[in-house]
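Shared chain: chain A. Partners: chain B in the first complex, chain C in the second.
And now, the complex of A and B:
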């Protein structure tokens, strides 16, 4: 038997969360696979399940002039349908999983699963996404990059629930996304690459580069990005310095899906390509 | 008799039950008092079992071990080497040791976790090299060889002494998993008077029947096998079901209640058979003009821990090793070796995909070495009617390759594209493969071992005719095609033909559903029987026609010497694959797939289209993305469909096809075999296209981006400099 809670309001959910040690389930597309029993055997969930899918307020999508807020029950497909959604995230959602998963799985669920290969994570890292987390004790905001602490590890206390995700709206003139999967659809990433940048009068005013599945969490280097931000003229040895930074940061593994050398070589290829074709010009 | 209308598409007769969900698969069946069985498997690649510790079993829970096998604890196949349940040693990770049986699957899992097995580990042989030097002592026989063959043709020493140059070349291929939709499962039901009935997802009812007679020490009439609607097989349900049915029946016999053993995907992936990996080496003697005057070829297959059907798989690799080329002087050696890994088994193509990949890539290699166009070089050596086969048999029928080539050139623009991509550096490539498939069993297996028999029955006062045959519809459309053949020969509507899932109490042994034989061999028996029935149609009373197989007179085969006609007929194919490689990621895009096949007369063009699209996709998966490896302990690494990826609809796009109709007089309405042929040519065409796109040599399957990176780095060749 699995103990389950099915609250219909946000307050009810926070109350249950505050009074029992639960596991949160929105779309269930990761958890149902992770804890499935064999046929005829009930799923082996380690904790009571708190279902979020009846809470209509979590379906909210708010589009402001400077940000987009997406609630915890918004599915991947619904998120992909937001017209104002930054292109880099839209591209990632379009290539992700299968139609059935996209219809059931949620964007925030993909974040909370905290897989190094999570498809929405590199775009959300470069977009500087923030999470709003609530409990009976109050509300806090946290940057996505701080929220994810390691493979499957997130900064979420036993009494807290992620309420929504906020993505700042920026005018990103440059956008490059590449997922390298085992096949063209319904595949887990071998590695992924997301980069956005903004140029004003040839000056780079903003840039973000994030790489997935080449380390325990998404890799983003402010140090490397700062080498370019605010610059008009790029020195010839800048790329060499950046290459050195990324080369030491990327630490992929050999596993059943790919090899460390492939992941690292291709990640560096994509970086080089992005800087040469999109930034240098 | 020629009937050119027979190929016209009809709706498959099982469309309704499959699409509505009303078809009953094995996991849908429930019997009164039924228990479930769970298999306890070895966690060591090779070890002695020292001791087994059991938890206290609740009421209605039972342990079954090798002592519970009433007859011989060996799976009856070519060689009796594989135990149903391990006795004192285990030979691969996943080998069945015990069964635990009871009413609740949750409880079974908990109890299974409380069983502990103490092992004394032994040195395992996991590679060809370790097997050939018998690391840890031989697993099988004295030398670890399940089978080995040598055959010769012409005068090989003279050819090599006259050679201008000798080229040496080696190819390796990997595993492939069938990944059928429906996992394996069996239910055994004990009946009155010691009889047992086994229901299951399977290809070969009589293989299982014979295996159970030996395992249960029961006479023929006490073992009954019934096929349930089968959701895909591809060879994976040829050999393994005998073991699984054995487990269910041994358990059911002990506890006296029905026992169901139903695998989930993880267990199915990690314990059932796979395609044999191969290592193939060529030494080829060329004359001054570059023409092949002789070849010495060596083939090694990895058979896994037990013999299974490996001997016959090896035969097909060896007898097809020269592809569609006429090689006058030949020396072929081959063996299939034992390793401490999951036993490998039957898989669509059955040893041929490995051989054709190697030979086609070797021809590409020779052509490039000689700076010739690979297709021109292939044409120079192509067999024609009347030429000898590798085993010194004869290509008795017309070889339609020249016409098929003209057709595919027109469809794909192969030659102009090839020439353009040779000059370009923009990572485009196009590859072509030419191949054949020897239809039906190798050698005289049909006549000497299978001895197929079918019946047609029309009851008194009925217009309906029942097909009594042991062949199964596993998704390939046999229910439709068999009915179509009989209906056409009798000139009655298909709706008047009955063909139920085989039940060995009711149908004679018409042989297994394998080797692209069902239509060509069994379909012909049905056609002949139907014509006899037609001649007697006006008789009153029940009419039953029995038709038995007779080997065509024109076929001559000496199995001792591997000499003569290894197959009664050949089906032919040509594939063209066009690719672009992404220089950043080394991912391959397939821009086009074109195929031409000669399968004689199609019995149903829609079903053949399904075979072509499915076979080519399965072949392209084998070529590109289906990676399966063992870790250093011999444990399978890709044990789920998340990590073992098979192609989706979007990976390779449309498979263009054209059928080249010929007439084969010993097949029904002129039909030859089709099921396996469609898989064989995809891998070499894909590999040749990728090789051209990157201007590299490819000698391994699967051609993954990781492998391409390795080749490029070895050749100090960087596509995207930093």
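And now, the complex of A and C:
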């Protein structure tokens, strides 16, 4: 059995983090599955556990005119209840896991788990979400796309804790989210697709497309998005160019949930559907 | 070992325990609350569901360290309420119980729903029960039971 810490303040947590190599636990809905023991037997965690649940300052939700900030103890259901939350994220949260898991699991926990199939990740990528990370040495900000480096791999040092997530608020006129799974509830995605755009007078002023579970991290291509952003007229060969870009970027794997060929085919079909229904009109 | 204090079925309790220990094990072994069932042990089936501050959680993936200062209600505490009796009668009327293993979790999922939405429609009921598996009934009778309870218990929630 590993050592456990249950700090009551943020400063206390940072101090523990600075002095011991710990594993952070907020909701625990992923970690308890990963490291659980048999009934009645305590789990087998690889490192001392630092519980974050008693730190009330991490429950903070701040809604500003241009951004929303969500603390590390905010659960998936609490986040889904934020009225100003962008629709693309609200849709993903609504289809994610099950009510009981959404009541315990946290939004930032889903990020830090860094699964290629993490359901909140494609929406957060297109929303250009940023993380605030703190240690006893100071604070830094990092874009979500830079924070996640690979399956289960994040840019978080042993002395750091993610304090909050900031989502810029934009007036997205287009929003398309699709999760493909075995069943509606409590299913891990085979793949997922999130796209948002701002379109005024036939001109796209902002666009974000992100695909989940079709590569080691979420796939987003600024090159493909720039083919459409700011253009008054969409060229007829744009779709072919976009298709070529995504076709070369998507690199799914075969696993117990799906096959690489299925994932790639459906992802490109969803891209084509999005392009036809929302962009090329 | 650390001391964890929380409210369990309306009583303040404290326990000396390892914080990694699962809530389902604490409830069943330390408090002998065996109405809390362990099914899958990984948060998929909802048989171990309890209420934490009136919200449904899976006790099999909740470490006891996360329970500090929470208000936990298991089926044993809920059965003393009038709402339980309305729900239990509705489950019996609709034939929503066969083997009974999922029933404590189902009842608490129904209670969690009715607590925030006293007259849910079918979609809302199915969504609220979506994390609770039943291998006997095929779900339709359970959905019907929640509808009956919402009608018969009008004003209680």
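We take it that the second predicted complex is superposed on the first by the 281 of 281 C-alpha atoms of A that agree within 3 Å, B and C clash if a C-alpha of one lies under 4 Å from a C-alpha of the other, contacts with A are read in each partner's own complex, and residues count from 1 in each chain.
The criterion applied here is as follows: contacts are C-beta pairs under 8 Å (C-beta built on N, C-alpha and C of every residue); 3 or more make two chains touch, one makes a residue touch a chain.
From a predicted model like this one, the values you see are computed outputs, not experimental measurements.
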item	value
Which superposed partner A:272 touches (first chain B, second chain C, both, neither)	first
First (chain B), second (chain C), both or neither touched by A:261	first
Touched partner set for A:188, first chain B, second chain C, both or neither	first
First (chain B), second (chain C), both or neither touched by A:42	both
First (chain B), second (chain C), both or neither touched by A:53	second
Chain B versus chain C as contact partner of A:178, first or second or both or neither	first
First (chain B), second (chain C), both or neither touched by A:243	first
On chain A, positions contacted by chain B and by chain C	39-40, 42, 184-186
Chain A-touching residues of chain C, taken from the complex the two chains share	2, 18-22, 24-25, 29, 38, 41-44, 46, 49, 52, 55-58, 60-63, 65-66, 68-69, 109, 112, 127-128, 130-132
Residues of chain B touching chain A in the complex	27, 36, 105-106, 109, 262, 264, 267, 584-587, 625, 629, 637-638, 642-643, 645, 647-651, 705-706, 709, 719-722
For the chain A and chain B complex, residues of the former touching the latter	37-42, 178, 180, 182-188, 239, 243, 256-259, 261-262, 265-266, 268-270, 272-273
For the chain A and chain C complex, residues of the former touching the latter	1-2, 4, 6, 25, 27-29, 32-33, 36, 39-40, 42-43, 45, 49, 51, 53-54, 77, 97-101, 103-104, 184-186
